[in-house]
Structure formats: structure tokens, C-alpha cells
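Data block below; observations after.
In this document, chain identifiers A, B, C and D correspond to the written order of the chains, with residue numbering beginning at 1 in each.
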Amino acid sequence: MMTIEWFTQFLAVAAALAAAPLFLGWVNQCRAWLQNRRAPSVLLVYRGIRKLFHKDAAVAEPASRLFIFTPYIVFGTMVVAAAIIPSVSTRLPFGTAADAIALVGLFATARVFMSLAAMDIGTAFGSMGARREMMVGFLAEPALLMVIFVASLISMTTALPVISERLATQALTLSPSLAFTGVAFTMVLLAENARIPIDNPATHLELTMIHEAMLLEYSARHLALLEWAAALKLLNYACIGFALFLPWGAAMGEAGPPALLTAVAFLALKLLVAGVALALIETLSAKLRVFRAPQFLATAYLFASLGLLVHLLLGA
Amino acid sequence: MEFLALLGTPLAGALALAWFGARRRAPEANAALSLATLAAAVALTVRVFGAGNLTFFHEQFFIDPFNVFLVTLTALVGFTTSMFSRPYMRVELDHGRISAGRLRLYHSMYQLFIATMLLALTTNNLGLMWVAMEAATLSTVLLVTLYRTPASLEAGWKYFILCGVGIAQALFGTILLYIAAEKVLGAEGVSALLWTHLNAVKAQLEPRVLSLAFVFLLVGYGTKVGLAPLHNWLPDAHAEGPTPISAVLSGLLLNVAIYAVVRCKILVEGSLHSPLPAQMLMGFGMLSVVLASFLLWRQRDIKRLFAYSSIEHMGIIAFAFGMGGAIANFAALLHMTVHSLTKSAIFFAAGHAAQKSGTQIMERIRGLVTVSPTVGWGLMLGSLAILGMPPFGVFASEFLILTTAMREQPWATPILLIALGVAFAAIFGRVQSMVFGETTVKRLPHTPALLPVFLHLALVLMLGLFIPPYLAEWYRAAARMIGGG
Amino acid sequence: MTAQPFVLQILNALAALLLLLSFAMLAQRRVVTLVNLLALQGAVLCAATLLLAWRTGEAHLYFSAALTLCLKVAFLPWLLHRLIRRLGVYWDTDTLLDTTGTMLVGLLVVVFAFGLAQPISALASTATRSAVGIAVAVILLAFLTMITRRKAMSQVVGFLSMENGLFFGAMSATYGMPMIVELGVALDVLVAMLVLGVFFFQIREQFDSLDLEHLQSLKEDR
Amino acid sequence: MIANLGSPLSAALALLCAWVVIGLAGLLRPMSLVFAGRTLFPLGAACGLALALAALLGIAAPTAHLTLPIGLPDLPMHVRCDALSCVFLCILGATSAGVSLFGAGYFRSGQGAPPGLLCLQYHLFLASMGFVLLADDAYGFMVAWETMALSSYFLVTTQHRIEEIRRAGFLYLLMAHLGAIAILLCFGVLQGGSWQFSFDAMRSAQLSPPRAGVALLLALVGFGAKAGLVPLHVWLPEAHPAAPSPVSALMSGVMLKVAVYGMLRVAFDLLGGPLWWWGLLPVSLGLFTALYGIVFAAAQTDMKRLLAYSSVKNIGILFTGIGLAIVFHGVGRPQLAALALVAVLYHSVNHAFMKSLLFLGTGVVLHSTGERNLGRLGGLIHRMPWVAWLTLVGTLAIAGLPPLNGFVSEWLLLQAFLFAFEVPHTFVNMLLPLGAGLVALTGALSGYVMVKFFGVVFLGKPREAAAAPAHDAGSLERGGLLWLASGCVILGLLPAQIVPVLARVAEQLHVGRLLPNGAPWWMLVPLQGRQASYAPLVFSCAVVAVVLLTIWVVRLLYHQRIRRVAPWDCGFGRLDARMQDTAEGFGQPIRHLFEPFFAMQRQLPSPFDPAPRYRVVIGDRIWNAAYAPLGALVQRIADAFAALQQGRIASYLLYGFITLIVLLALVL
């Protein structure tokens, strides 16, 4: 049995690594379609990463080792996070290493490293990006935790696999609290992954950028790792969302290869749909000015809190 | 024998120094005489330690647990103050603030003052006690005006008049006591004013007269204690006189005065069986604590500041005696001891500080530790001790007083605590800026005598952590005798 | 009510005189007269003491009378007169309260004092016990005198008058205190007056005046 | 008298006395820096280490008592050593070992107190904290408590020539004293009619609920004033920056914990069973404190003030935990109460390590640049890599990031919060989970603050010339930093080993038990049957493995060329150090978002200003609203009293006369 679990684990990580740029590409493609543009290839993200790996790394003179290590750390964190999130199976060996709160913590670690690295060079844009990223972070994190709280109140645990299992096995009910938190989660996801309306991944317009401002000084393999990590992060968030709100289809309990295959298929399907939804949201909304971001995230927090209260009141 | 030496040494000293007090070695003679007095006091204490209570001269004098430690304390502080005054007065002489003739007056009166206080403490005769108290005033009044500045004259005048009037009330109180006692003990023989005799028959004394007597005695001796609102002479006299005198006034005279009040209270309470005397003491104590602690905020003169602090502490002691009972009395006695030691130490340090910076105005005294760390630290630690910071002994007594107050007078505890907090802020803020910071202080021609400061502080520290068993025994016995509560 | 012996009647009359003198001192503004009144009060006191000594046969009362005579009738007034001449203080410019007001307060004080003396008189076994009230009144009136005066000299006179009251109180209630105490008290009063003399010269040297207006610089109310 | 020299209690006492002796030895050669630094401070560090070990053994040992032959005649000093004391002794010993080692290399000669005196004050401070933890009667406790305040005051005012520092010291001691008064009152209530002031008597006293409530409130005021609970926090951001860095480290790292210890001692030991809803006050105050502290930390421009406010935040978290434990204890959820308590203890240990580490780090920065102002620092990671990297550990830890220690305790606290809905009272069970959201917010905000702290001090380019020639820490200083940093790491990685040890405290205080569960040694499962688990060792190993693997793979497949170039900066080119975010700039979003917290005074330049200046002064509303009027009130009362004393002797006589008349009328 152990071997199967470890195999599943390996499969989950490998799938995540492979699927992350693909998912990002899919979202981009959907967005282009929705915006009546000619869509780039789904594989464009892969090509970009590959190209970057081959380039000479240009590192700014004032950079310290922190700057150079950060891409690896961020990438490593995202990979491990992918190993923890029960994307295909709830019985991953790493699934017990960190619960949902710790997962949020892991993401925060990656974010802090990113911000520090951005400040390392001492450019105006770098520190601006770091500041904005941390601002979004400190607002998004509590909202995300509130979301997790609601889910864990329903299932009496903060362990993501258990939450998934319990949600999946309980009778299908219309749960207003989950609906509220679902909205909140989506908002957090947008904010955390530098999507519209908080940030625009497709622009380098200096004064509005957040995530990209932090990457300005990176090049070559370091940039590649960071881009890949960003894609992984988006995938991870999507998978957390699935685990919390759409657990159906993932392999529950001790599952053999067939169940795993189904799970992978289900995951792909969910990602396809999610990509479309994400693109739709991004297309329909306009980018907010930076100082509007707190309001956006406060709304997310409010939704999550409402979900919590509704759950406490209605028990559902 | 020891007793004769105890009273005789300072008296003889006063006479001798009246002749030789201006000589070059007079300060040393003064210290030597004080040392002899201390030796006599210690010898007496040792004897009491073995033999228990003693009486002398047809019971006109006596030593019991209540006064034995006060006698030693008085002799000790008398001695250390004389040590301190040696370099201090020399500097004053060098600075031309006093002449050699006045130094003679100073030395002579200093010894006389010690003698009167010892007399007041040891006499069994309430009338004699009154006489000694009055004599104590008279012997210090000219010392307060030693500098002959307008301010010192004013202070001396107020001291003289207010304490004179006050003590006249005490005399009337004594007379009333005598009237009541005479009824019981008979006019013949002089026993009607002997405390030990009165104490034996106190239950039979006529209560109404005694309560009147107590009011007069309280107002009278209370003026001397510095209980508000009778305290007005105290800050003036402390601030304007020479520092050694401030030290003994604050450290010893106030103790003696409160000793007199308590002696009277014991008698009156025994007769009265009403809480009135206790309530009066508590009321005075409370008022003094509150008034003094707020007035501390307005002080600019260093000695005036600590004079108000003395009023505050006398208030605490009065309050504790007012509460009565074994623990509160014990605490009050302890507080008398530690206050006396600490306050005189503070005055020593403050005196040197004022000399070094040439002013008593606190705003102009700065950065003592940088120039003379010992003076600075002495002042700092002394102030902290007097503010009731552990591990110093003042905290021990305040702890006991406050905890008893919580039990006996819960209403009073918050008021006391607020007042203590206010006093803390007032005194500490000022002391800190005198001790620390950039300096304005200069060096002096004579090395300051700081042994007394640190000796006192060490004793106070010891009393905070460990009270010697025999001392505790005396305190306990005295506390039992004082009763109340 | 049986008639009192004649001696007692005289004693009571003297007591009343004491009270009257206290009132007179309260009202008087001329310093010289004030000292004279004090001397007169001392004399009355002395007479009363003598009378009482004669009646009771207490030896030490004679002694007290002699002490009073020397000290309060002769020496102190002489000293004060001398000081007045040397220092040139003749008038206490004006009292803090006007005379009528002072008198009224004085009257109240007397009533209070008499009430106060009730229990004391009841306890005392002496023939003169009813005069205790007068003694208390004298003390309090002297207090009042001191409060209302502005000249140092008048305050001293008030102080001595208070001493007289005390003495009279002791005498009338108990035929005097024990000898040792009385001696001590007398000594103290004497020394006090000597100290005062020194004081006056010091004050005058500094301020050119004995007006208490000058002695108000040490205060909290700035 | 001394029962057993080997017992943890006597060992602890002996070590505390050793500290006193070491301190006094400093007076032998007061001016000798070498003697104090190279001999006494390392000795003190060794004592600290030994104390930590003894205390660690003591946690498992049974409770020990001892009565010392000193103190008041009727109340000799009692000492007692139970698991709670031992945990905090452990904090004291372990932290002070690092700080003393650091201090051995840190103190320089120059202005301020001579080294020998400093050594005395420092070791007295340590010893008095130890005695506070051991004291088992009110008198001994108060003596040790105030000695602690006093010795730390002297340490704070080491640089007493600076006016600001004197003011800070004064405010500090004043607040400490007022707090002590409240504690004294608290003991007065706690004795409950027996009028015995040993803690044993207090334990056995039966208090009526209102009295117990008053006692808890007084304890909250007293210990809160020491710990820096809002609104009693005003001294903290003044005093911590004023002190020399090792002292700030001890004050923030250990002394605040001693206050927490006091609160725990009163709430869970002396008070017996507090009512559940009393816990709501600490919870709400704690949450407010946490938010207030971290928001102010974000707005600071002085690095030590920033850290001080961060301490305020952590104290808030600790008091929240204490309140939560009281609530759970009161409503009969022993397991959850134990969890909350363990979270508090864990956080105390953690904060001691990380905050000391950070303060020491700032100490080195301060020494080598002479700057405390964030606006003038920057780029120090190149000049002082040791300090920078070790401080980074502390920074990440205090930001609450896994796998370091700060996260563990917040995780435990959140786990406890998660079950707050079980409190059987409406409103409360809805509000408490929302409180968890606040805890999360403050946690995230501290990430923000710490990025600001580390980024501005160590990263980027030096903002002023002073920061450029900085040098790294000496070897002793490095040793101290390394010790504390490794503590942060170990505490972060091995929670499963530490939680059971701390749980003994909860068990001994009869708060509750954390039941043993079958989790493997590397995994922390705090509550049985809830399945929330945390295995930092596992995922950090995984992250390291992935990182190494990635590096290896990248090396294997691609070339290694790195070019050093000028920063690109969107091609802007004319970059200089002043274009980086300043500390004010970095704090701006927070100032903007939490504007109602601040009493801000802005000076904005007009558009046509030839020499524009932008200035913002951030004030504390609480100071303006509470403390300033209080001072004015006292002054007014004093003025009113002073009017009584006009210097006229006649009025003085009148007072006497009236007093006499009134009293006579009273007895008649």
C-alpha cells in the first residue's frame, strides 16, 4: 500500500509540475478568445521557461546571495505545497505534513522571500513591488484563513485531505456558508496570483504593477524558476479551491490505480473549467487602482466572515 | 551608668562646645562626642537586651521596647550626621556662608538637640517630655536661622511660632491628663505624670477629659510631627537650615514627636474604648499623605522636596498607628526606623549635591553621577528607597501597612496608593534629572563624607530583606503595648 | 446654691479679669499697650496664684507665684519694652479682621471654651475648678490674637498670653503641675523669650522691620 | 534548610545567587571592560545555560518548596519550583545565555555607566527575574519584581546623558511602579480573608466570584502594565529603544515573559477557577493590543521602536491566548484550555528567542553604524553577512513563517481558536472565531513589518554614508546570535518534542491534559481525533531536497554563467540609493489603512514650494487621550493644594486653630 501512496505522491507532484504552465497557458488562451484576440499557443509558457533556462543570467551588482537563492526557495516551496495539497488523492504521504493553515504559512514564506529579494537590489521599482505585494499579502492571508476556518468548522479539522473527504462524503446540501466562502476564496485567489482586478500579469506598466515589479531584475534561469513557481502557485490555489469546494472526483481513502486515473481525469476537467471561469472573471472586470486593493480584499474577508457566521447560525 | 552617659555626654558636649566650638578640631570633637553617645546607647541597649525594661531615678526615666530602639537610632543618626557635618560645615565655612562664631553655636546646639531628644525619648514623665520637646524646638530654632538669610529667618520664625503655639496646646493636653490622673493616682507624689503609672491605671481615667486631652496633645505634638494641616513650618525649616540639621530634624525630631503622640494615644485609648483617637490619627495621616504627595509636584528646592516627603511618610506612620493592631504597629515602628535612616541619608547626599552645584534649586543640579558617582548614586538609591522600592526596608513597612489597610480600612487603600504613585512620579522625576544627564557640578575642597549615606542605605537594605530577630522582638513587644486595632 | 467663700469669690473675679484682659489684648492695636496688658495679665495671674496658695497652703504654689512675678510681670514685659524701644515698633498697623468681627469671633470662642471646660471642671477636685473654662478661653483668645496680628511683636505677646492661660488652667484645675515640670516650663519660656530677642534683632537686621508682611516669601502658592 | 543540592530548585537558587555574586564581582574592578566582558559575562552565560538545563529537568520533577530565612519576620520568603516556573526559568536561562555571550563582546567603553556597574545591574536584573519566577509569597514576589524593574531601569538609562533616554527611563519606572501597586492590591484581594500572604494561603483561599474578578482585573492591570498591554503600553516603545541592545533583548525577550508568567500564575494557580467570561477581557484586550502594536510597528522609522511595537503585538497574542485558556477552562473544555495554554507558553519561549535575536542584531547595526533610524541604513547584508543572515532567521520566525518557531505557536493558538465556537454562549461563540481572523491579520501584518525591517536595514543600498563602512559582529557576538538563531530553528522544527513538555504545565495546574496520541515523533498532533497535524521537519526537508535537486538539475542541464551588470530598473538608469523606499514609504499603506489609530501630523509641501519638505509625525492617540490629561489633572490638584500655603503665618495659625476647634467639637 505504501508504495502506491508514494507513487501517488510522485504522480501528484509530477502532474502539478507539468500541468502548471499548461494551466496558465490555458487561462491565457481562454482570455484571448474571450477578448477576441488570436490566442497564443497553450504551450507558450513552456517555451518561455525553456528559453529562459538557456540564457545567460544577468545579476545586478548590488545583489546578495539572498537574491540568487530566492528563486530556488520559492520554487521549492511551491513544489512542496503541490505535494501537500490533495489534488488527486487524499492519501498523500505529505498530506499530513502541513494542514491548511501551515499551507497558508508556506505561501507566505514564499511571498516574504520574493519581497526581500525584490528589495535586495535597491531599485525604486523593486521596493515598490515588495511593498505592494506585502500589502496584498497581509490582506489576503486573513481572508484565506477565514475561508479555511469555515471549511474546517464544517469538518472539524484543518487538515485539507480530511476536509475534502468529509465534504465529499457528506450528503450534497446547499450550503450558503460554503457559497459565501467560495466567493471569498475566488477573490483571494485573484489577488494572490496577481490576476485582474488586483494586478495585471500581462503588463509592465510601471506604476500599476505588483508581481512583475518584483521580478524586474531577474533574468534567465532565475526568472524561469520564478515564472514556473508563479504558475505552480496558481495551480496550487486552484487545487486548494477544489479540495475545499469541489472535492468530488479526487481519490478518497485507499485508492488503487483506476481510482487515481479517474481522479487525474477529474482534475483535468476541473482545471479546464476553472481556467475558463478565471478568464471570464478577468475579462469581465477592470483592473483596480492599487489603493483600491484593500477594499477588494476586505470584501473577501467580509464574505468569509459572513460565511462563518452563517455556518454558526444555520449549522450549514 | 550607661544611662547617665547617654544623657550626660551630649549635655556636657553642648557646654564644652559652647566654649570650644569654633576651634579647628571642633567638628571632630562633635563627632567624637556623638560617637560616645552612640557607645552609651549601644551599651544601654545591650543591657536592656539582657535585663528587660529598666527604670532610673525614681522611675523618672525608663527604657522599654518602644523607646529602646529609638534611643539607639537617635544616637546612631546623631553620630552619622556629625560625621557628615564635618566636611559639610567646613565647606560652608570656606564658602563664607557662616562664620566661626556661628559654627560654635552650631556645634553646641547640635549636642543640645541630641540631648533633648534623648531626654524626650527616655523620660517617663509626660511633663518632662513636654519640656524636652520644647527644648528641642528651641535648640534648633537658631540653627535653622544659622545662615541669617531672609529666607532662613522667615523659616526660623515660622518654626518658632507654629511649633511654640503647637506645643503650648500639648502642654494644655498634658495638664488635662494630669487632672484626670490626679483623680486616680492622687496629687501627692509625682507619679500622676509618670507614664508607667498612668498606663497601669489607664482604664480608670475619665474618658471625656482624656479625649479632650488627646485632642490638645495631638494638635500639639502633631504640629511637631508635621501632620497636615499643621505642617506648614516643616518644609521651610528643612529647606533653609543647614543640611545636617535638616537631616536630624527629619530623621529624628519627627520620630520623637510621633513617639510622644503614640505614648499619649496608648493612654487615651486605654481609657476611652472608642475608635476616635485612632480615627483622628488616621485622618491626619491620610490628609498628610495626600496633601504632601500632591505638593511634591510643585517643588523646586531639593530640600523642600524631601521635607514634603517627610510629611508624607509621617502621614503614613500616623495612619498605621491609627489603624493599630499588632501588624500595623509593627509596620509603623519599622517605618519610623527606615524612614529615619533613609531620609537622613538622602539629606546627606542632597546636601553635598547642593554644595557641589552651589544651589538648592533642582533645575540647576544636573548630572551628579558624572562628577561624583557616590553622591549621585547615594541620592538616587536613597530616593528610590524612600519611594518604597524594594528591596529596601521602606517597602517592607509599606507592604505591611498597605496590606493591613486593605483589611482594616479598605476605603483608604486606594487613596494611599494613588498618593504613593503621585509622590513617586514627583520625586523620582526630579531626582533622576539631578542624578543623570550632562553635568553642571563642580568639585569641592573637602572630600564629602559618604560613609554615612551608604551605611544608612545598607541598613535599610538589610531591613528590607532581613529583620534581626531581637529587633523584631522589640517591635512586636512595642506593637503589643501600643495595641489598638 | 450656697454662697462661695470670699476668697473664691475674689479668685473668680480675678479669673473674670483675666478673660477681660484677653479680650482687651484681642482688641488692642498699640504694641506698647499690648505689652502692658500682658504684664497686667501676669500680675492678675500672680495674685490669683498667691491667693490660692494662701487658701490651700500648697507650698509650691507660692513658688509658682514668685516665678510668675519674676518672669511674667517683671522680666518679660521689661524685655519686650526694651525691644520695642530698640526696634521702634509701636503700632500694629491694622489687624487682618476688623475689631468688631474679631470680638464677635472671640465671643463665640468663649462660649465654646466654656462648653469645653464642662467635663474638665466636673472632674477636677479643686475649689477653683469652675475657672478652668476661663483658662481655656484665655488660651483660645490668645490663639485668635496671634492669628489676627501682623507684627511679630504682637504675636509674641499673644504667645505669652497663651502661656498665661495654660498656667492658669493648670493652677485652677490641679493647683499646679509637679514642681519639676513647672520649673522646666518656666525655663523653656525664659529661653524662648531670649531666643526671641535674638530673633528680633536678626529679623530687623535683615528686613528693617518686624512686619510679618516680609515673612511670606516661603510658600507654595506662586 | 537546603533539602537537596541536586534538586532543580536548589540548583536554580544557587545559580541565581551565582549571578548576584558575578554582578558584585563587577564592582571589584568597575572600570575594567576586559574583566567584565571577558570573564564575568561569559560566566554569567554559563550560569544561564546551567539554569536552563536545571529548569528543563525541573519541568518533569515534582514541585519543590523551600522557606528561606530572610524576608519579613512573619512572612519568610518562600520559594517554589513547579513546571510553570521551570518553563519560564528555562526561557530566562536559555535566552540570557545567548544575550550574555553577546554582551561579552558588545559593551564598549565610553560614555555611560562604567562596565563593572553595568555588569552588576545586568546580573541583578537576571537574578531578580529568576527570583520572581521562584517566589512563592507576595512579599518575596514584590521584592523580586520591583528589583527587576529597578535594575532594568538603571540599565535602560545607561546612556543617561541623552535627554530622551532619561525621559524614557522615567516613564518606564513610573509605569512599572504603578503596575506593581496594582499587583500588590491584587495579592491583597487574593489572600481572601486569611491575611496570609504566602501563595499557598492564596491557593487555598475561597474567593467569592466578584472578588476573584477584581483580583483578575488587578492582575491584568499590574502584569499588563509590565507586559505592555494597550493602553498601558506607552513606556515600552520608549524604553526598549533607549536601552543598550542586550538589555532591550532581555527586557523584550524575558522580562515581558515574566509578566506573562505572573498573569498565568495568578489566573491559573492562585485564583483557582476563574469564571469563563472573565477570559473575554484578556482576549479582547489582547486582540486589540496585537493589532495596535503591529500597526504602530509598521509606521515606525526607528528600528528598535519598530521591534518594541512588535513586542506589544506579541504580548497581545499572548494575552489573547491566556484569555482563551481561561474561557475554555471555565466552560469545561480542559483539552482546549490546555491547548491554548500550551500555545501561550510556546509563544513565550519563541518570542524570547526571536525578539532577543532581533534586538541583538540591531545592536550590532547600531554599534557599527551609529544609526537607529531606518531611513539612513540599508545594504548591510554585504558588510555584515553574519548578522544579516542570523537576523533573517529571527525576522522570518517573528513574521510567523513556517518552518520556524513563530509559526508553531500561532498555529497552536489558531487551532485553539478554531474550537471557540464550542463555548456554549451566543455572541461569544460567534465573536471568538472572528477574533481568530484578527490573529491571522496581525500575523500577516507582522510579515509586512518584518519585511520592512529586514529589507530596509540589510537589503538594497546604503541610504547614507554612515551605513557604508559598517563591520560585522565579533566572535562572541556571533556566538550569542548563533545560539538564539539555532534556538529559533530547533523550536520550529521539533514542536512535537516540545509541546508535551509544555503540556505538563497545564496538567500540573489542573487546566487540562493534552492526551497522548499515536502520532509519529516528527509530527505534531495537538488534539486527539481532530487530525490537524503539522510536521515541519518533513516539509522543510522536502523543500531543501527540492531546492537542492533543482539546483543540481539546473547545473546538470544548463550552463552556469552569471554576468554582473548594473541594475536594470526598467531601463531608468540614473538610480541612486535615495530612490529606494524609505521606512515611511514602506509603512504608508498601513498608515493609510489604519488611519484612525494614529494621531498624525502631516506637513505637506505646496506644489510650488521651491524646497519641498514632507514631514509626518505619528503620535499615539492613547497617550493624548489618557496620559496627558492625567498629568494635567495631577498638576491642577497640586495647584489647588498649593493655594492653601500662601506663606502667611497668620493663615497657618488659623489652620491650627480651626483644626483644634473642629477636633474639640468632634470629641465633645
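One rule holds in what follows: a residue touches a chain if its C-beta (ideal position, glycine included) is under 8 Å from a C-beta of that chain, and two chains touch if they have at least 3 such contacts.
These figures come from a predicted structure and were not determined experimentally.
Between the chain pairs B-C and A-D, more C-beta pairs are in contact across A-D. Put simply, the C-alpha centre of chain B and that of chain C have 31 angstrom between them. Between the Cα centres of chain A and chain D there is a gap of 35 Å.
Inter-chain spacing, taken between the CA centroids of chain B and chain D, is 43 Å.
Distance between chain C and chain D, defined via averaged C-alpha coordinates, is recorded as 69 Å. Counting partners per residue, chain A has no residue that reaches two or more other chains. Contact with two or more other chains is made by residues 641-642, 644-645, 649, 653, 656, 660, 664, 668 of chain D. Residues of chain C in contact with two or more other chains: 116, 143, 146, 155, 215-218, 220. Under the touch rule stated earlier, the contacting chain pairs are A-D, B-C, B-D, C-D. Chain B meets chain D in the complex at residues 157-158, 161-162, 165-166, 169, 208, 211-212, 214-216, 218-219, 223, 229-230, 232-233, 276, 280, 291, 294-298, 327, 367, 369-370, 384, 387, 389-391, 395-396, 399-400, 402-403, 406-407, 413, 417, 420-422, 424-425, 428-429, 432-433, 435-438, 464-467, 469, 472, 476.
On chain C, the positions that touch chain D within their shared complex are 96, 109, 112, 115-116, 140, 143-144, 146-150, 155, 212, 215-222. Chain contact summary for the complex, chain A toward chain D: residues 53-54, 56-62, 64, 66, 72-73, 75-77, 79-80, 83-84, 94, 96-99, 101-102, 105-106, 108-109, 111-112, 115-116, 119-128, 130-132, 134-135, 137-142, 145-146, 149, 152-153, 156-159, 162, 204, 206, 216-217, 221, 225, 291, 294, 301, 304-305, 308-309, 312-313.
Within the complex formed with chain B, the chain C residues making contact are 116, 119-120, 123-125, 136, 139, 143, 146, 152, 155, 159, 162-163, 166, 169-170, 173-175, 177-181, 184-185, 187-188, 191-192, 195-196, 198-199, 202-203, 205-207, 214-218, 220. By the touch criterion given at the top, residues 641-650, 653-654, 656-657, 660-661, 664-665, 668 of chain D touch chain C in their complex.
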